[in-house]
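First chain A sits with chain B, and in the next complex the same chain sits with chain C.
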Partner chain A sequence: MARFLIRRGAQSLITLVVASIAIFGVIRLAPGDPVRAYAGFDATPAAIQTIRHQFGFDRPTVVQYLDWIGGLFRGNLGISITTHTSVWSVIRPAVTPTLMMMAGSIVVLLIVGFGIGVAAAATSSRKIDAILSGLAGLLTGAPVFWTGMLAILLFAVSVHLLPVGGYVSPATNLGDCIKSMLLPCSILGLALGGLLARFVRTAFLDALQADYVRLARAKGASNARVMTRHVTRNALIPVVTVFGVIVATLLGGSVVVETVFAWPGMGRVMMGSVSAEDYPVVQAVLLMYVTSFIVLNFLTDISYSVIDARIKQS
Partner chain B sequence: MREYREVTSVILKQPSGIVGGLIVGTFVLAALLAPLIAPYDPYTTNPTTVLGGPSWAHLLGTDDVGRDILSRVLYGARPTIAVALVAVLSGGVAGSLLGIIGGYSRGIVDAIIMRAADVVFAFPLILIGVCALLILGPGVVTTGAALGCGVVPMFARLTRGEVLREMQRDYVRAARSMGASGSWIVRRHIVPNIASALVVQMTTAMSGAVLLASTLDFLGVGTQPPGASWGNILQEGRVYLASDPVFAISPGVVLTTFVVGVNLFAAAFTNALDPRIRTRMLRGSLIRRRASPLVSALAGSSEATTETM
Partner chain C sequence: MPPTRLTRSRQGLRPADGRLARVSAVACLVGVVGLALAAGAFGTSSAVRAANGTFVVGQTAPINNLLPFPFQQPNATWDRALFDSLIYWSNGQPAPELANRWKVSGGGTTYDFNIRPGVKFSDGHGLDSNSVVQMLKWASVPSHLVTGAGLLATATITRTGPYSLRLVFPSPAPQLLSLLAVIPIVDLASPDIHAPAGTGPFLVKSFSPLSGLDLVRNPKYWSKKWFPKISEYSIKVFPDNTSLVAALHAGQIDAVAYPAFSQVPQLKKAGMTVVTSPQPPGNFMLRVNVTTGPLANVYVRQAFSMAFDRALFVKLESGGLSTATCSAYPPGSSVYTKAADAGCKFDLAAAKALLAKGGYPNGFSLTLNASSERQPELTAFAPIYKQDLAKIGVDLTIQDNTTNLWLTNSIQRNYGVSADWYPWAVFDPALLFVSLTWWPQPNIQGFESATYGALVPAAQAETNSAKRLALYRQLNTYLEQQEFVIPVATRPYVFALSPKVHGFSIDPFGMASLSSVVVGG
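On to the complex of A and B.
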């Protein structure tokens, strides 16, 4: 187990290092000169040269990369071209809203995914199974930016039940915070809940039909024991494997939902920085997304090695 | 040829295959024939018909500069479907090749390819698209290639797994012992045997690629105005959500219908390419699933069966 964790940890670290090089390289390929953007269009060549030297852009690319990585360890993500302040000061206010959206969406995702998936697997009615599977397919097929717009039209514009967009901090007003989270989290959670439901349905169907379930019943195990010890535990293994990927997809989807609901999260910071060609911010946000994904994958590996005794023993 | 007929026959035996095929066929045909069937030019503005709701003259109404929304939706299918096709084909072919190389050669080459796939896989697809378009600029080929890069790891992993499985089979060992070269074994034995899995994956990936292409258009980094795509028509209509909901809603209905159609067709196609399911369906027995496994388990019975599909 320890060897498995060390190996996966080392692989994750290598992936992160290569990803950071890729991000750094890709941003350097982007058109436009960040120094010229920082200095302003009326800056003299001498002033531009001074700023270029000041930020180290006149040094070899490898040295610039090592500087960037060194800065990350010191908590310095660089200077934003648009605000002329530290990149962290631009990103910091957006971290909590994105985390709140992720947390709310995961709750919806789990309720919808397991609700529809287990119900579809458990039902004896072919029609109900088809309806639930169709619903899961519809949720997966509908683009979040469109369902988001529909939700705004229904719940915010027509009946004024929920706010059109924006985020309210729980420290300001907990009730308003929950209201502000309801629509975006539901839209994001529902979209991927449909996907999770399909995996849950298949996993539970497979587990329920497995020989070990029949054997457990033949040995006189109670229904509750069969469900908890055998069916759910075994069905969870393939579900956990995809859960990490689904949550990572949720992270990508949050960029779109944040745009629709004017949610002041990292996705909006990212899109705003792309438009403004504020590459130090784009670079930092990308690295944060990628790091989150790699950590999530690592945690997924750990969790299924805990659930699956075969991996634990090997 | 016989297998092709069998696959077609099995697809047509499934309601999802018929409905999905009809939806996809209709949309692809509409995209191809857009210049002939669109009632108006999608780019011609008309200040006298700004934000006109649905009418007999304009079935889906007109947009904020008086352009016919139905015509724009018909034309909008073209870049959306084209980007998705380029993405799936380029990413599918590149990923499959890498998977075959990695799976067959193993060792350091395999390790490098799989670690590179892990790196690309760590980036949310939408951000790969945004960054690639930032560098390369918008366009069908660039957007398609950008999304294609994102799906390469998925195909590489799938193909590698399939190749590794096939490599363990007796016919590959026999070919090796007869002195067949690696490239010959791959071309003559492995590729034909893993092709159906790859085709299934490509069909399934198509719906995701359509959604991603539309998302990039919605975010304003894909197809640029005045060009029409389902994503950017939705973005334009978003502002008029309250005053002209048809403008904002209709492209979404079209997009969702198409994606659901692709998914339905992909499900039927997957069944048709599975030799076991295909044989069963051709013999006339429907795909069967154990009925109410949970209920059966709780009731202590596991005999009941029911039909699905």
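On to the complex of A and C.
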């Protein structure tokens, strides 16, 4: 197990270094000038040069990269071009809203994914199975920006039940917080819940048909015991594997949903910074996303080996 | 224990577990219903908006920081809420604000200002001539991106008393008073220069570049006349105009700052109040890169102006808020005369003849640098312009760029024509030339000429008002002939308001005027 962890840890570290180089390089390949974007039309060339020097953009790219990496080790993500404050001060207020959206979406996707998936697997009716599987496919296939806009039109503009967008902190008002979360979390959770439902259905079907389940039932084990000890536990092995991927997808999908719902999270910080070509902020947010993906994959590998004893032994 | 039923399915025989299916379905249903009930349990969406007494404005542009420089349209929603200027622009004339009086002498080269005593910044520091002198000197540094830094840098700025100061220019500076109306006075002694204290009618309650800005009324605001009626003022940032307008319809916000012009008819139809600046302060325009290719030829530029169907643009894209014009100074300016638009027409045959006269009878190819983000109206009209140009042999490639790429292309002159707009043409006529767009030396479009280089300073230096106006009209005619900027139609500042908002107005600089605003009632 220790060797496995070390090997996976080393692989993750290499991925992270390669990703940091890619992030740094790709941003600089984008057309446009971040300083000019900040300074506007009427800034003189001398003013532009002064500001460029202040941010260190007049130095060689390699030196800028090494400075950035060095800063990361010292906990310094750099200075935002647009706000002139530390990058962390730009990102920090966006972390909680994104985590809140992730948590809310995970609740929805678990309810929908397991509800539909298990029901489809366990039903004896082919019609109901087809309807539930079709529903899961519909949820997965509908693009979130489209369902998001439809939901806004229906629940916010037509019936004035929920806000069009924005986030309210639970510390400010718990009720308004829940209301502000309902649409974005539902849209994101439903989309990925449909995907999870398909995996859950397949995994539970396989488990329900397994010989050890039949044997357990033949031995007279109670239905609850069969479901918890034999079906669910074994069905969860493939589900946990994909769940890590789904949560990572959730993180990516949150960028779109945050934009549609004016949600002041990390995705919106990234979109805004890309638009303003605020290199330091874009770099930091992308690196945080990549790190999250890597950590999630790492945790998935570990959980997989914990749940499935065969992997641990191998 | 009941025997397990085996049913036939696509996967073959499978054990049906009816109870499990029912439990799962019910759990799923309970979850969904729970979410729906949670929505209803907390009342309607108006609970998410602020309470009465708060005026909530939505805008699409983020508020990056609270330093009001460079002055840009998105700042205009909060600029005058947090800061005051020395001068206030009222009914086309400069009026006292932080400067309670001033005197112009020396043939327009010397300006003496008296600062209103007893005014304090929101951080408690007193406003005096020292703070204003320091502020104006700071503003004259180009890298601080204050509008008119070039003009201020030519001045000698001195303190003449505890509440008085003097600016002396080497030549007359008649645009100074209108310029000072858009230079907010900030406290340079503030701990964070990117969130400086001001003397304005509101104080910062909370600020997030993503969510927006929440302000509360400044109980110690110095002006009784401009003391706000609303207790709080919020600016919410939305990702796009569509969700912004949806939020207005949903009652989540009270006003939309600068909606797309194409949304105006729908907003009016939905019962919203559309407020515009009293005089459109500038125009939609096409910048023309005069440095290379056929557009270096003045006849070709005139052909491009003549091939633009201004009347159709106004009809399709301006929401009924614009007037077609070919004049650099729009109809609201004292420089404007009807004669300036007498020859302003859409005539493809004449345009074709001008192309031939310029040496391009068979046309040529070029690019239009456009941006739906920055200039949606002209970008939306671009395909029609392309079709019209094709009729005279010009092949126009439309590039719909991001704002930044559009800006970079514009600065680097990486375009043939570029879609844009300009403000500040209805104040002192000299103010127009503060912008690098109209700069008499090689400007952003690359245009320069001895005539232009002589006319601009001569008009600025003229002290006789009648002669001065005549010189600016001559300059306007010259600009219309040269067409390095092609004016298309007037462009006002626009706000859309919920019917329950009263007393709101926009000044000619596009800044929201909040002192009389009442929400509801």
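Convention: the second predicted complex is superposed on the first by the 283 of 314 C-alpha atoms of A that agree within 3 Å, B and C clash if a C-alpha of one lies under 4 Å from a C-alpha of the other, contacts with A are read in each partner's own complex, and residues count from 1 in each chain.
By our rule, a contact is a pair of C-beta atoms (placed from the backbone, for glycine too) under 8 Å apart; a residue touches a chain by one contact, two chains touch by 3 or more.
Not measured: the values here are computed from a predicted model.
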Contacts of A:Arg36 with chain B and chain C, given as first, second, both or neither: second
In the superposition, chain B vs chain C on chain A residues touched: C
Touched partner set for A:Thr259, first chain B, second chain C, both or neither: both
First, second, both or neither for A:His160, with chain B first and chain C second: second
First (chain B), second (chain C), both or neither touched by A:Asn234: neither
Partner chain in contact with A:Ser186 - chain B first, chain C second, else both or neither: second
Contacts of A:Ile51 with chain B and chain C, given as first, second, both or neither: second
Contacts of A:Ser305 with chain B and chain C, given as first, second, both or neither: neither
Partner chain in contact with A:Ser124 - chain B first, chain C second, else both or neither: both
Which superposed partner A:Gly115 touches (first chain B, second chain C, both, neither): second
Chain B and chain C footprints on chain A, overlapping residues: 31, 118, 121-124, 126, 129, 149, 152-153, 157, 205, 208-209, 213-214, 217, 223, 227, 259-260, 271
Chain C-touching residues of chain A, taken from the complex the two chains share: 31-34, 36-37, 39-44, 46-47, 50-51, 54, 82-85, 90, 93-94, 108, 111-112, 114-119, 121-124, 126, 128-129, 149, 152-153, 155-157, 160-168, 173, 175-176, 178-180, 182, 186, 205, 208-209, 213-214, 217, 220, 222-223, 227, 259-262, 264-265, 268-269, 271-272, 275-277
Contacting residues of chain C [partner chain A, same complex]: 1, 4-5, 7, 9-22, 24-25, 27-29, 31-32, 35, 38-49, 62, 64-65, 67, 70, 72, 142-143, 145, 147, 149-150, 194, 208-211, 236-239, 242-243, 246-247, 249-252, 373, 402-405, 407-408, 410-411, 434-437, 444
List of chain A residues in touch with chain B within their complex: 11, 14-16, 18-19, 22, 26-27, 29-31, 118, 121-126, 129-130, 137-138, 140-147, 149-150, 152-153, 157, 204-205, 208-209, 213-214, 217, 223, 226-227, 231, 248-249, 251-253, 255-256, 259-260, 270-271, 274, 282, 286, 289-290, 293-294, 297
Sites on chain B touched by chain A in the complex: 115-116, 118-119, 122-127, 130-131, 134-135, 207, 211, 214-215, 218-219, 221, 231, 234, 238, 241-242, 245, 248-249, 251-252, 255-256, 259-260, 263-264, 289-298, 300, 302, 304, 306-308
